[in-house]
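In the two complexes that follow, subunit A is the common piece, with subunit B as its partner first and subunit C second.
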Partner chain A sequence: MEISFQDITYTYSTGTPFEHRALQNIHVQFNQGSYVAVIGKTGSGKSTLVQLLAGLLLPTSGVLQVGDTRIHSRSKKLGEYRKKVGVVFQYPEHQLFEETVAKDIAFGPKNLGCDVAEIEHRVVEAMSWVGLSPDLRDRSPFELSGGQMRRVAIAGVLAMRPDILILDEPTAGLDYLGQRDLLSILKRFHQHFGCTVVHVTHNMNEAAELAEQIVLMSDGKVISTGKPVEIFRNLPYLQVSGLDVPDVTKWIMSLNQNLSTPVSTEIYELSALADELIHRWRRGS
Partner chain B sequence: MKHTKSLIELSGVWFDYHPDRQMKEQWALQDINLTIQSGEYVVVMGPNGSGKSTFARLLNGLFIPTEGEVRVGDFSTSDDLGQFHIRRKVGMVFQNPDNQIVATTVRDDVAFGLENLGVPREEMIPRIEQALEVVGLVGFENREPAHLSGGQKQRLAIAGVIAMNPDIIVFDESTSMLDPQGREEVRELMKELHQQGHTVIHITHSAQEAFLAERVIVIAHHRLQLDCPSKDLYNQSHLLEQWGLEVPLPIRLRALLKDQGLEINEPIGNSDEMVAQIWRYLSKT
Partner chain C sequence: MNSVMIGQYIPIDSWLHRLDPRSKCIFVFCMLILIFFANNVESYALLLFIGLAGMVLSRISFLLFFRSMKLIIWMILFTTLFHLIFTQSGSAVLETPVLTIYEEGVRQAAILSVRFILLMTFASLLMFTTSPIDLTDGLESLLSPLRRWRFPVHEFAMMMSIALRFIPTLWAETDKIIKAQKARGADFESGNLYRRVMAYIPVLIPLMISSFRRAEDLATAMEARGYVGGVGRSKLRVLSIRRSDVLLLVCFAIVATALFWMRK
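Take a look at the complex of A and B:
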């Protein structure tokens, strides 16, 4: 399903002293099946944007078109739509509530009306996707470590096999291995199911590594969108938005200060940088 | 200042939340022996669940060792008088800036802790001013904390801590929820506080942040596993890898180059030295 935000504005608490316009005239499109990263500093409107996409907030004005579904200020009955969208909120482990890991993961598929066999299949599959050992299925989620709880919460959303998977800062608070693991899970899940992924982050390394399209937000507006190279080309612009370039890019930039033929700053994976340096070294010797 | 004694001293410290229910090899912290001198800048790294936050809370007497002793200055956290003094000596800054705000203006938020201490009004005013000055929030006195950026909120939390005149400030993953600009603001402030003579203890997952400190401690599997000058980490990155911690980018690159036959054996003490080595190898050819 193609996603299209058409002149969307969102105001919190309209008509009260707390009225706050969080999004202003948003125009942006995501292709079906693409991996989209939404970046921007705190308060720029990222979470509001994805809550609109999840059907949890309605636009104050403008239209959100997702496939055949039109969402606007007076939309009703978004229940069917929400079934197609899986959302992993910030700190999702705080939303676990069932007595066992398996029941928690089964909650989503059950709500979708899957039969018992299908639910079981999806629970087993989702646990394997996120790397939870099968013998944890009957444990209470509250006896698990923070990192494992995060995996249970994410498994619950993956088990719904959403057409659109939304993740709001999914790696926040995880340790380094936890972060790396989760990113590789997301990458494989996206490739396997071909769903559209919308991943909110303020980690530029994550955005560069995973995204096909980056949406850069500032002050309630989309100020730029495009491929990672198109976004990270402009360091001063990013810094004004309170952001930065990926670590690899920063490193290539300092390397380039003394190279007659600069290394391409379109490289975001360290292994690709190593390949490039080896290539140059071999060519020279 | 001349130190005859360590500022912080942990001897034979064991701690658990339910010591009567847990086997000793599962306790949250096990056999910690450690000293920290006045004015040090120490980073603590370790996987999720390894005991870092527990360690932090032992330092300011929020938790008392189940076995062993924590001494800060002349006091022990195990006795009531000691706790009273130590709570004032050791300030804590936590992960989530939103959970640390208590008042509706910036000024009142800083005042809150001082009021609790019973500081007289005429003394409070200059202390608040000075604390806001240190964190760069002068001019924000009447602003509503809820409307500050993430970095500003975290700096406000730090002002609240500084106003209490602590000798030691413990940051428990205080940069992990911030966007790049907010992180940079807080890192700068840590550096400044250290230069002003505070003892800074910073819990983080970021290798980049580890190298801002002078000394790095690794807590993994509930035990102290490593304690060394941060510059040593560059050439002993296997130690970080062993505990699943982030290895600095230049060192990961060096390993990738070595896999493909380009061996850089010169010691690397920081990122610039690695850049210089690459230049050398590429121009040699």
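Take a look at the complex of A and C:
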């Protein structure tokens, strides 16, 4: 489903002293099946943007068009729409509530109206997607480690097989290996099901490595959007938004100061960079 | 969480905001009692005027006071209806085949409605203009004579301030969990009462778990910073009675005298 934000504004607590304009005249489009990263520092409006997309907030003004669905300030009955969108919130392990891991993962598919066999199939599948061993299925989710709890929570969303998967800082609070692992799961899931992924992060490395499109936000506005190369080429823009280029790009830039033929800064994956360097070394430059 | 909560502190600056919390507490408490002594149009008009003056002095938009009335609107409607139907003395005002409304019923309904509105106005004035910390400091100071009977005043005030401190946090947490479960297809808006109540289980369990976790973390953090209760504990901000506080209590004395002179 093609997603387009058309002149969207969102204001919290309208008409009180706590009034706060979180989004201002947002115009942005995401292509069907693309992996989009929304980046920006704390308070830039990224979370509000994805909550609108999830149908959990209604825009104060403007229209959000998702496929055939139009969401505006007076939209009602978004229940059906929400079933097509999966959201992994920050610290999703705080939403677990069932007695067993399997029951918790089954909550979403059950709400979708799947039959028992289908639910069972999806639970098993989701557990294998996130790398949870099948013998954990009858354990209480609260006995698990933090990292495992997060996997259960994410499996609960993946089991809904959403057309649009929203991830709000999914790697926050995980150690480096946990982060790498989760990112590769998300990447494979995206490629396998072809769903549109909207990934909110302030980690440039994640955004550069995974995203096909980056949306750069600051103070409730979309500052810039485009392919990672286009975004990270424009250093001053990023610094105004309080952000930086990915570590890989920084490393290539400092390496390039000592090279006569610079390495391309369009490389964002470590393995691709390693290949490039080996290639050069073999050529003897 | 798009609306201001009932009784939430509104952090602006006004004469009422700057008053000592103790004098505000005493004033509002006495006012609430005074409301029950008013018994004719003049005395109610006086109290309504005081309430209105308070709203103006607080520099808080009338809209917020109006919104806080939403909480009691059903109580007002219910008691009004109750009195109109069941109070049967005085002359009949309206006669219909099914129901006769008597003068006394109308009078009682009006009195109770005005009382509810006055109670809510004064309570809102206190809550809107006093920060939770000031409020508990004030209460601790007002209750301190109870120490003589070994009542744990400090611990009581600390408990209250922690409870107040966590209302917005838990509210935000609830909002987040509701959204997360909605995103997983939970339906809170349809079905009969039983189904709707059951729909909140996926919200209540995570909320309870996180409350316990927060409580434990807070207790550890307090202990780590050497908190041992109220014994020998000093205060950073010392409350002081100023001229304006005396003025407030003088105002109350005048209002109270006027009211007792006005009532029949």
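To be clear about the criterion, the second predicted complex is superposed on the first by the 284 of 285 C-alpha atoms of A that agree within 3 Å, B and C clash if a C-alpha of one lies under 4 Å from a C-alpha of the other, contacts with A are read in each partner's own complex, and residues count from 1 in each chain.
The definition used in the following text is that a contact is a pair of C-beta atoms (placed from the backbone, for glycine too) under 8 Å apart; a residue touches a chain by one contact, two chains touch by 3 or more.
Every value quoted in this text rests on a predicted model; they were computed, and no experiment measured them.
Touch criterion met: A:202 reaches subunit B, while subunit C stays clear of it.
Of the two partner chains, subunit B is the only one that A:145 touches; subunit C does not reach it. In the superposed model, A:13 lies in contact with subunit C only, and not with subunit B.
When the two complexes are overlaid on their common chain A, residue A:278 makes contact with subunit B while staying clear of subunit C. Contacts of A:176 after superposition: subunit B is touched, whereas subunit C is not reached.
Counting the residues of subunit A that each partner touches, subunit B and subunit C differ, and the larger count belongs to B.
Within the superposed three-chain model, A:248 lies in touch with subunit B and out of touch with subunit C [touch as defined at top].
Residues common to the contacts of subunit A with subunit B and with subunit C across the two structures: none. By the touch criterion stated above, subunit C contacts subunit A in their complex at residues 2-4, 10-12, 60-61, 63-64, 173, 176-177, 179-187, 189, 201-202, 205-206, 209-210. Across the interface of their complex, subunit B is touched by residues 40-43, 145-147, 172-179, 202, 204, 239, 242-244, 247-248, 251, 254-255, 258-259, 270-271, 273-275, 277-278, 280-281, 283-285 of subunit A.
Those residues of subunit A whose C-beta lies close enough to touch subunit C in the complex are 12-18, 51, 54, 56, 79, 82-83, 85-87, 89, 92, 94-97, 107-108, 111-112, 142, 156-157, 160.
Those residues of subunit B lying in contact with subunit A across their complex are 46-49, 95, 149-151, 173, 176-182, 205, 207-208, 244-246, 249-250, 252-253, 256-257, 259-262, 271-272, 275, 278-279, 281-282, 284-285.
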